[in-house]
Every structure is written in C-alpha cells, then in structure tokens.
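Next come the structures, one after another.
One chain, subunit A, links the two complexes that follow: it is found with subunit B in the first and with subunit C in the second.
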Partner chain A sequence: MYLNSIKPKMRVIVAYLAIPVVVFVFTVFVPLVAALFYSFFDWRGGPNKTFNGFVNYSQLMADATFWASFRHNLFLVVMCIIGQIGIAFILVLMINSKFVRCKGIHRTFGFFPSTISAVCVGFIWTMIYDYKKGLLNALLELAGKGDSAIVWLNEPKIIMWIVTIPLIWQFIGYYMVILLSGVAAIDTEILESAEIDGATAIQRARYIILPLVKNTLIVCTTLCIAGNMKAFDNILVMTSGGPGYSSMVMALYGYKVSFEQNNLGYGSCISVAIFVLALAVIGGSQWLMNYLMTDKYDRAEMKMLKERDKQARERMKALRKAKKGGN
Partner chain B sequence: MKKKMLSALLSAAMVATLLVGCGSTPAPAEEAAAPAAEEAAPAEKEETPVAEVAANDSGYTGAISYMHFSTSEEAQGNGGSESHRAAIESWIAANPDIDLQQEVLSNDDYKQQIATRAAAGDLPDVFLLQGMNTIAWVEQGLVLDLSDYITSSPYASKYNMDYLVPFTVDGKYYAYPVLTGGTCTVVCYDEAAFKAAGFDSFPTTWEDVEKANEYFKANGYDYTIAFGNSGQWQMNSCFLSCLGYQYTGTEWFSNILSGNGKSAFTDAEFVAALTETQKLFKDTGIFNTDFNAINNEEAREYFLAGDCPAFIGGNWDEAYITENMDGDLVNNLKFAVLPQAADATKYEKFQNIGLGYGIAINTKVAEDPAKLAACIDLAQELTGPVFADYVGANFALGGFCKADFDLSVFDRVKQEFYNFQYVDTKGCEIYDSYVDGSVWSVLNTEIQEMCNGDKDPATVAADTQAAYEAWCK
Partner chain C sequence: MAELTVVKNETQGQKVANTIFGVISNVVLWIFSLSCVFPLVWMFYSSLKVKREFNRDIMGLPKAPTLDNYHRILSNTDYNLPTSMFNSARMTIMSVFLIVLCAFVLGYILSRINFSMNKPLYIMFLMGMLIPIHSLLVPIYIIFSRAGINDKWFTLLLPYLAFNLPVSIFLVQGYLKGIPTALEEAAAIDGSSFTRSLFSIIMPICKPILVTVGIINVFTCWNEFTFALILIKSTALYTVPLGLKQFTGQFTSDYPKIMSAMLLTMSPIVIFYFVFSKQIIKGMVAGAVKG
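This part shows the complex of A and B:
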C-alpha cells in the first residue's frame, strides 16, 4: 500500500522517459535515417537532388580510397585495443598492487589526457613530431642519432603508427578507470587464497582477474572499436589524412567528400557504410572475445549443459505428447 | 591532506602546461581559394576615415541577414577585412530603419556553415559566395542573377570587370566581388642574402635558384625557400596555379573553365608543369624538407627566423611578414614572381590574383522587391567607392571598384607590394577559385604524394581529369 502510494503514475514515467527518447531519436535515429535516405541520391547540396538508386553504393564498392581508409580504421582499432586497453590493464594491475602509493593521484592523472579535446592532442603531438623543433628529433639529436631525424608526419610507410600513438596515449587513462572499477569488484579473498596457493602475479592476472573482468573488457573493447571506427579530429589536425591518402580514415574521407567535394549524396553513403562496418566489427569482436575468454573446459561444460537442456526439453515434449494421447 | 595538496598542485601545473601548449599552437591553415586578402597593417600614417554611405531609397524597413567572415580577429592587421567592417558600419549608420543581422564566423567555420546551409536550401539573404561554388550553386537555383544590377550600378564605370570571371555563368553575373584583390603567389626574399650569393635580385630561372641554393647551403642556411603544404591547398593555390601558366599559357585554363573539351589536365603541358613541380620539391633541395608537414604559417616563421633567405606564399603571408619582420630584413625585403622553368614555353611574369569571394543574394529575396533593392544597395556599397577609397587610402590595396589614392604616402614595402600585385606583373587566374572542390580535392591530395615521389605526375593528371570529367557531367 505504502509502495503504491509513492510509485509515480504511468503517465509521469512515460513523460520522463519521453525526454531522453525524443533526444535520442532526433540526434541519432533521424540523422541515420536521413543519411540512408540521401545516400540514394546524386546530391551536390541545395534543394535539387536526383534519385540514383544504388549508384553511390556501387561506386563505394569500387572506391579504393574508401577501402584503404577502412583498413586504416581497422589498424587503429587493433592497435588501440592492444595499446589502450592492454596498457590500461597492466597499469590497473600495477596500481592495485600493494606496493604502489598515492593510488588516487595515479588514477586522476592517468585520466587527464582523455579530458583534453582531440584537436589539442593533435596539436600537442604535432609539436612533438615537428621536424625542426620537435621533441622526438631533439631526443634523437641528444642521443647522438641526429641522422635518424625524419619528417615524421610525411612518412607514408609509418604515418599510421605515428597518428595512432597520440590516440593510445590519450585514452589509456579512460580505460584504466573503467577497468579499475571492474577489478575493484573482485573479492580480495579470492586473490589472497590464490596467492597462498602459490599463484604468481601473472597467473593471478591470467586465471583470476582476466576472467572476472571479462564483461568490463568487452565493454572497453566495444567502446574502443566504436571510438576508432569514427576517428577524425586528431588525424585532421595532424595530417589531414596525408601525405596523400596515407592516413585517411573513413570519417575524414566522408567529411572531405561531403564538404570539400560537395558530394553530399555519396558522403551520406559513406556515413551509412561507416555505421554498418562499425556494427560488423563490433559484433565480430564480441564473438571473438567471448570465444577467447572461454577456455576449453568452459566450452565443454557449456556444451554439456546445452546437451542436457536439449534432452530435458525432449523429455518434456514426449511427456506432454504421452499425456495428450492418454486423454 | 598532503596528498590533496600535492594533487591540486600537480593538477594546476598540468593544466598550465596544457594551456601554454595549446596557446602556442598555430592557427588552422587559411584557404588559398580565399583571395579575400588578409593584408598588412596600416602604414604609419594618419588613417583616412570611412566615407558616409548614402541612404538607400528602397523603402524597406525589415531585417536583412548577412553572413560573412570579417571577424574582429581577422580584421587585426588585415586591410580587406577591416575595411569591410568599416563599410558595413557606414551602411548601417545610413540605413537606421533596416535591421542588418550579421552572422560573422571565422573563414574555416564560414565555409563549412555556408556549405551546410546551401545543402539545406537555407542560405541567408546576403552571403559571400566562393568562386569555386558558383556553377554548382547557380545550377541549384540558390543564387540570384545580378547581371542587370551590376551593369546598371551607379559605380559600374569604376568596376574592374575581370574580377567577375569566377562569378560568371553563361555570361551572367552572380556576385559582386568583395574584399581586396590579392596575389596568391609571391616570393618574399632577403635581397642582401641573394646579393651575397651573387644575384642582384631573386633569380629569374630555377637553374639559378639551384646555384644560389648551393651557396646558401655552404653558408649556414638549411635551404633556400620555405614552403608549407600540410593543408594540401597551398601547393595548388600558391605554386602550381602560377607555375602552370608558364607551361600552358592563358588559353588552356580558359578552356578548362568553359568545359569545351579543348583542354584537359592530361595535356602534355600541364603534366610537364606537374613534373617540374615534383622535381623542384623532391630532387633539388631548394625547399625545406618538411614542406608537406608544415603549413604556410609555420613556413613563413622559418623565413622570419632567418633559416632561409626566401619564402613563397600569398598576400596574407606577406602581410604577416611585413608586420613581424625585424633587423636587416626591414630594409631588405623584396618581392618576386616565380622563376622561369627551363622547359616552360609560355613564360611571363605571372602571379595569380583575383577576388575569390563575391557578395551574392539568395534567390528567395527576389520575392520581396523592396527587400531585394535594399540587399542590392548593401552589396553595391560594400564593394563600391566607400570600401575602395578606404582600403586604398589606408592599406594601398585594390578591390572590385577602382579607387584613386596617393601611393607615395606609404612606406617602401607597401609601395613595392602594390606595384608587384597591380602594376609590374601579369595577373593570371587562381585555379581553385574556379571549377569545383571535387576536382581540386583530388589534385591537392595527390600532389602531396607526388612531391614525395610516391605518385607520378601522369597518374595525378589522369585522376584529376577523371574528377573533372565527372564534375562536367
């Protein structure tokens, strides 16, 4: 009775929920549907557009620059999963160790870079990579390797590595904070008993912590993939996708096609492709993560459980059938 | 408590470091296709006040929306923008019954915003039209035909009609060229350094520049000419668009513009211009090694710092250099056109100059004749004698409307740059003021690879031609 009296009326709940739903629909759903709609048009801006069916999509399939950009995005995704989440995981283990002092400071400062705008990060790293006054070449000079100084941002063969490093640097702290919350939820008694049983730090990380933060890792990986499939701003600042197309990524290519080439129809088509490809990569990665995180014993157990479920269902079915026949 | 103090101190130090880092970063690159001149600071002479604009007799009393990029920041040391703002103020004062609603954005933001609004069919009443968008926007019916108003303007006799070319489609004019006509390609050099290298002025051939380069490298300089192309447009606007004319002459680009099929980017003479560009940047060592990784703003700092005796950029760079130079450079700064390429058969003292933006009027305005008359008046005054006299008398710059002013009252550098731009050289077109962004986007991107030696000129030409043909369709 008391609970019913404080429970809000259904229309109040609906009204409150309607606000975020409307915001979501207008900021995510409507643009997505609009992009899908415009992707079927030859549209150079302005009120006139011509329906051209799947011409933009067939052009996309043959567009070598777009697929090269997609490969660059995949490179970013792989490197950032290893660099951002991998390093973040190691740092979390280090911070959680009993030998580390001032854990709060480590957490706070680790998170700092992810609060800086990507454009600023791009500028900061552009200064580090600068040929004449950059930190990197200055360090090489100091180390007596002045001859190895190169124009870092004009090297097509390594440029993707060069633009990936700032991204990794920026978001390590972000994933560190997420993973810390996951690791903090692990009962310390489990770790202590493992330690008493003689498990090394690496064994504890591999066989206890990693499986227990599996879901957190999946969230981190999903965020990492989603973030890197739409990487844009710091690459725009550092290289504009250059030299040539060497560091072009899908979102930057879509922007250039839409606003430099005034081809909004094809730009919309690229946006739709980014969405579809990002979903596919996220889905694939989640399956892979689940597969990798489950060892052969777990898999055998799951298989056995599924088999047992199946047998139980069949028994129930047969029982119902027999009951029906008896009646 | 100590930990908290330490955290606060470290946080403050980090934020301060970041702010310093961000504060010292260079501003984003300017668009070369914007011949909207970013000009030098006023000479050390008394400022001539802006003249009063006559009130228009349209009888319109409502609002007019006007979108442009002459921000107060841009107007600092930029004669064109400052004069534009002065002319706007004068027009507002003369028309108190009209509510001029200005939307003023930085140049980069403006280009994106106006493109988005054009795409949505939601352009302001009056706006700045970039030359390269003219054909596409006219085809979309977004821009009003202003031919009759321009030819019957009370200032028509003073107009420099050549500046209308980027805004002309099928013989009709769609915008009043605005701001100031400024060169996109000028060699700024230290005359004393070249005299020491055995040249009385900047060499007139690239072979001589290579000879001078040997001297400079042996005498403490890293290279001869600073250039920045990280924004990708600089190589087109501030180099190729001028060097190309040495190979193709004037007719080739006229054919490209008209789309009559008589010229193509794959023509031997244009490919030769690309080949020469590749050779100069990749093989000769004349230019700074990091030309593809820095922008024009960083490159001009190399010149100002004395790392090299010359720099190639546009009028906006000249304005910055003039304002910030010190030491011997104050007396030794001189200007030159690009040297002649050995196999260029159509060489003249080319420098590409024009007005990349024009004041255009939304077609929807025509539905209200009184409002249209007021908009026409605004466009006429912002490009007419009030603007021209002010920018000429204060900055020694010229625009769409000719102005009479006494050049002798300006300092040496201003006088010489005026003569360089308007008297002593042959003007040619700025490639990317015309045609379409889809073509230049391909060319600009691939030139970067070409100058690294990763793409050959013939391929770049073929890809550009393919983009051009797609656009022509």
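This part shows the complex of A and C:
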C-alpha cells in the first residue's frame, strides 16, 4: 500500500535511511565478506598473514572436532524440538482443561525462565549439578540413592543430555505461551461439538487441535532450530565445551579456535562453515516441514495447478505465435 | 431401561475420567510452574546464608539471615558489579531507543514510500534476518578491531542495532498494513511536512507496536552475552553477563556469594517482568510469531 499522492524529496528519504542502513551493512554484510576473505589465509592475529588457498577448508573437512560439534548442534535441535515443543504442547492441552485454575500464574511463572540471561541459567544449573553441594545429588540422597551421585558435568558419555536439560527447561514456558495463543484462536464451537459427538480428550487433541495449530507449530519449530544452531552461552558457562570436546558446539568451537588458539584464519573458515551449515539446516527443515505438513492430496492438487498453469502459458505462447504469423 | 442406565454409567465414567485428567493436569502444571520460579526463590533465601551454613544444608531456610554476601560483593571493587549494571542499563536504554526509532522510520518508509531503492533495501533486511548471527562472531571482531572501534562505550550499540533491526522493522511494517493511508494524505493536503506527519501523526498511531518492539529488545539487550564477550575487553565497560562470567572458576566454592551477585544483577529485569508480565508476554509472543 504505497502512498501515491505524496512523495517526499529523495534528499529527505536518504537522510532518514542513511545511518541505519550504513550501520546494518557495516555490522552484518562487511563481516560476512571479510570472513570469506580471511578464510583463505593462514593468519594468527599478527600483522602478517599468508595466502594458503583452500588449506583451511581441507583442514576443516578432516576436523573431527568440528563435525562432532555440528552433530552436537543437531542433537540439541532434535532434543529441544521433542522436549520443548512436545512438553509445551502437552501442557497447553492440560492448561486448556476446564478444571485448571490460576492459568495466569502458570503462564507468568512458566514464561519467566526465558526472560533471564543464559549466563544465569548456566550458573543455576551448574549449582544444581554440583557434586558436593548440588541439588540433584541432595535429592538423590533424600531418595536413598546417595551412592548413584556422580560429578554430573564430568561424564563425557552423558554430558550432551546434561547440558540439554537446562535449555529445554528454559524454553518450555516460552513455547507453551506461543502455542496457547495458537490454540486460543481455535473456535470453541468446534471443540464443543466434538465433545458432544463423544470425542475423547486425546482424540480431540490429535484430530482437532493438532491440525489447527499446525502453523503455530511450524513457527515454534523454526524458532527452536534457529535458536539451537546458535547455542553458545549456556554451554560456555556450564562446561565450556568439556570435558575434552564432548559438549562442544559449532559457535563455541569457532570462538575457542579464534580467541584461545589465536588462529583467526581458521576461525574465519569455521565461521563460513557455520553460516553455510546453519542456513542449510534451517532451509532443509523448512522444506521438510512443508513436505510433511501437506499430505498427498495437497501435493496432487498443487501438481495439478502447476500443470494447468504450464498448459495455459503454452497456449498463450502458441496464440502469440499464431498472431505474429498472421501479421 | 437397561439402555438408559448404560448411557448414564458412561457419562459417569466420562465424568470420573475427566476429573482424574483435571487433577493430574493441575498437579503437573503446578510442578512445572513452581520448578520455573523455584531457582529464584532458592537463590534468594540461600543468598542470605553464609557460606558455611549453605555448605552444611543447601536446601534449608537460613537460620540467621544476613546481608553479608551483598555487603561483600558491593564493597569489593574487583567485581565491578554496580559499574556493570550501570553499563548494561546505559547500553539497553540507548540501544532500545535507537532500535525503536530506526525500526519505525525504516518500517514506515519501506512500506509507504515508492522509490527505486525500496525493494532492494527490503530484501537486504530480509536477508539480515536469515543470516545465522553466530557465524559473524569472529569476523565482527576482526572488522571492529581493524576499524579501531572495539572496546569502546558505544561498541555494542552497532551489533545490537543491526541484529535486532530486521525483526523490528517487519513488526512495524505488519502493523502499518492495517492502517489506511488516508490520514497521511489528509495531513499532506493540510500542508504538513513529511517529517511532521511521520512523528506527530503516524508515530502516536504506532505506539502499541513500538511498545512491543521496545519490550522485546529490552530483554535481548540486557541479556546479550556473546557479542559483549568478544567485543568488550576492559572491565570498566563490562555489561552484566560479562560481570557475572568472572564468577566462573574463580569462586565456584562460594555459592551464596554467586547467588547474591546473580540476584542483584537480575533484579531490575525480574521486577520489570513480574510487574508488567502480561504485556511483556503478549509482546514477546507477537514478536516471535510475526517476526
């Protein structure tokens, strides 16, 4: 909806746009290009850097730690989709039941963890997992299983599970509130008539609520994927990628290589890889969700429409040709 | 007759099932929401204990509540907590002000004015939203140190403005779609300049969405850690998350002290949240869904 009757002078528009656009380009696009540029150099942060072609990239391809970090990112994504959105969906079904009181309190309390900084969440859970003074081991003690207490943050085998739990905990309420807004948009008449027709709570959830909040679920999943591809601060505070590299994630690895080993050339190369991989995962998941959410009837219909469009276009072409020929 | 009783039994059965479901729901929801605020409560009463008492009993209420921990973290100048809170507050206020202002102006121009650069700029901001910002971590450090602008008081303004601008612009644009152009046209006919219409006619109409944009960004800017970690080196410029980061490793044995530091630095945002929780939740959800 453009304004047609009014057109301010170009000078005025430029004056308004210049500063924010310059800042945006300088902080977003210039670094991107720079990362691509520096990724072809062997550069340790000093004044000298030497061009070494694709050496950084071939090193990256063979870098087991980097690919392990990428797998950890994917692990986080999958676990958080199941944990956060799954649990949030169940809680939404519960909160909508007419027996539940104090909905406002649940909403306010549940949303709270997502408003505090990841550093605080990391600290809180470090205290919970602590061996001697941790809540978790204290609870185990209370339950009479004191001997199964371990140093939770020091077990390479389960460390990814351990660092995922705080992430899940922090954002359940967030997705719960988003889903609630989706469910609130459903016409209550549909649910009531289903209830009268004898649909059980589970049936109602599966066949009515779930399909109707499809779009909200897609939004949540996208947020969840994008959020977990950039996991960084929680893990930095809790384990800093350790023990060893067993809880390393991509952004943290790039940070460590660049600032602790001072290898800025290779760090830039990792940044480029993060850019490509994160975009690929987000784009791929979008495609997959669209594919899963449309069933085969939708797809057949889409195909038919496309076919019809194509035919129409060809007919137009033929017509135009015939006209030209006639002239 | 027999049939009737069966029907009655069924409804009764359903009633029982519904009641059980209701009870379970209530219990589960209370466990969930209490687990969300429990750490806050636990940290609060534990911060009133001294270290020795905490080590003896981590769960119990303090027997002799003391403000000793707060006294110690505030009087020790090494921790710099008041300074970091001041820095965070300054950075948050400035960034939010700039984001709201720029998002409003850009969103308005991009959605209402027809000029040659409109589409390219729109696509540029759209791309900005898709870029995984953590891939910019290392290059932004390189560029900023090349330009000599890292570790300054204004350094963080640039990334905070740039990264939060796209979503904010789209929120403003979405809101403007529902507002007729007749207002500006009438104002223009009456001789109001572009700038005057922009700030004294459109801005008041857009107030609800601008408040939403502001709320979302208060939280992101106050809590932002990653870019602060990379771009800020001198302790005098630390923001709150950086100030807290000092406590890892160094004082891990003194939990009550860490807790009081965390509570102290969280307090402004926690109070802000619990006072305005309804609007905040609404705003953040709108931002997440539409952005």
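Heads up, the rule we're going with is that the second predicted complex is superposed on the first by the 261 of 327 C-alpha atoms of A that agree within 3 Å, B and C clash if a C-alpha of one lies under 4 Å from a C-alpha of the other, contacts with A are read in each partner's own complex, and residues count from 1 in each chain.
As a working rule, contacts are C-beta pairs under 8 Å (C-beta built on N, C-alpha and C of every residue); 3 or more make two chains touch, one makes a residue touch a chain.
Bear in mind the structure is a predicted one, so any value in this text is a computation, not a measurement.
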In the overlaid three-chain picture, which partner chain does A:Arg71 touch, first (subunit B) or second (subunit C), both, or neither?
neither
Name the contact category of A:Ile95: first (subunit B only), second (subunit C only), both, or neither.
second
Quick check on the superposed pair: does A:Ile124 touch subunit B, subunit C, both, or neither? Answer first, second, both or neither.
both
Would you sort A:Ile116 into first (subunit B), second (subunit C), both or neither based on which partner it touches?
both
Considering only the touch criterion stated at the top, classify A:Phe259 as touching first (subunit B), second (subunit C), both, or neither.
both
Spot which of subunit B and subunit C makes contact with more residues of subunit A, would you?
C
First (subunit B), second (subunit C), both or neither: which does A:Val177 touch?
second
Check whether A:Val151 is in contact with subunit B, with subunit C, with both or with neither, and answer first, second, both or neither.
first
Once chain A of both complexes is superposed, is A:Tyr245 in touch with subunit B (first), subunit C (second), both, or neither?
first
With the two complexes superposed on chain A, say which partner A:Lys214 touches: subunit B (first), subunit C (second), both, or neither.
neither
So the subunit A residues that subunit B and subunit C both touch are 104-105, 108-109, 112, 116, 120, 123-124, 126-127, 130, 132, 259, 264
Mind listing the subunit A positions that touch subunit C in their complex?
1-8, 10, 12-13, 16-17, 19-21, 23-28, 30-32, 34-35, 38, 91, 94-95, 97-101, 104-113, 115-120, 123-124, 126-128, 130, 132-135, 138, 169, 172-174, 177-178, 181, 201, 216, 219, 223, 226, 229-230, 232-233, 237, 250-251, 254-255, 258-259, 264, 267-268, 270-272, 274-275, 278-279, 282
Listed in rising order, the residues of subunit C that touch subunit A in the complex are 18-19, 21-26, 28-30, 32-37, 39-40, 42-43, 54-55, 58-59, 102, 105-106, 109, 111-115, 117, 121, 124-125, 128, 130-143, 158-159, 161-163, 165, 177, 181, 184-185, 188, 194-195, 219, 222-226, 230, 240-241, 244-245, 247-248, 252, 255, 258-259, 262, 266, 269-270, 273-274, 277-278, 280-281, 284-285, 288-289
So in the complex, which bits of subunit A are touching subunit B?
43-48, 102, 104-105, 108-109, 112, 116, 120, 123-124, 126-127, 129-132, 151-154, 156, 239-246, 256, 259-264
Where on subunit B is subunit A touching in the complex?
3, 6-7, 10-11, 14, 18, 21-22, 24-26, 111-112, 115-116, 118-119, 121, 133, 136-137, 139-142, 230-232, 289-290, 292-294, 302, 307, 436-438, 440-441, 445-446, 448-449, 452, 454-455
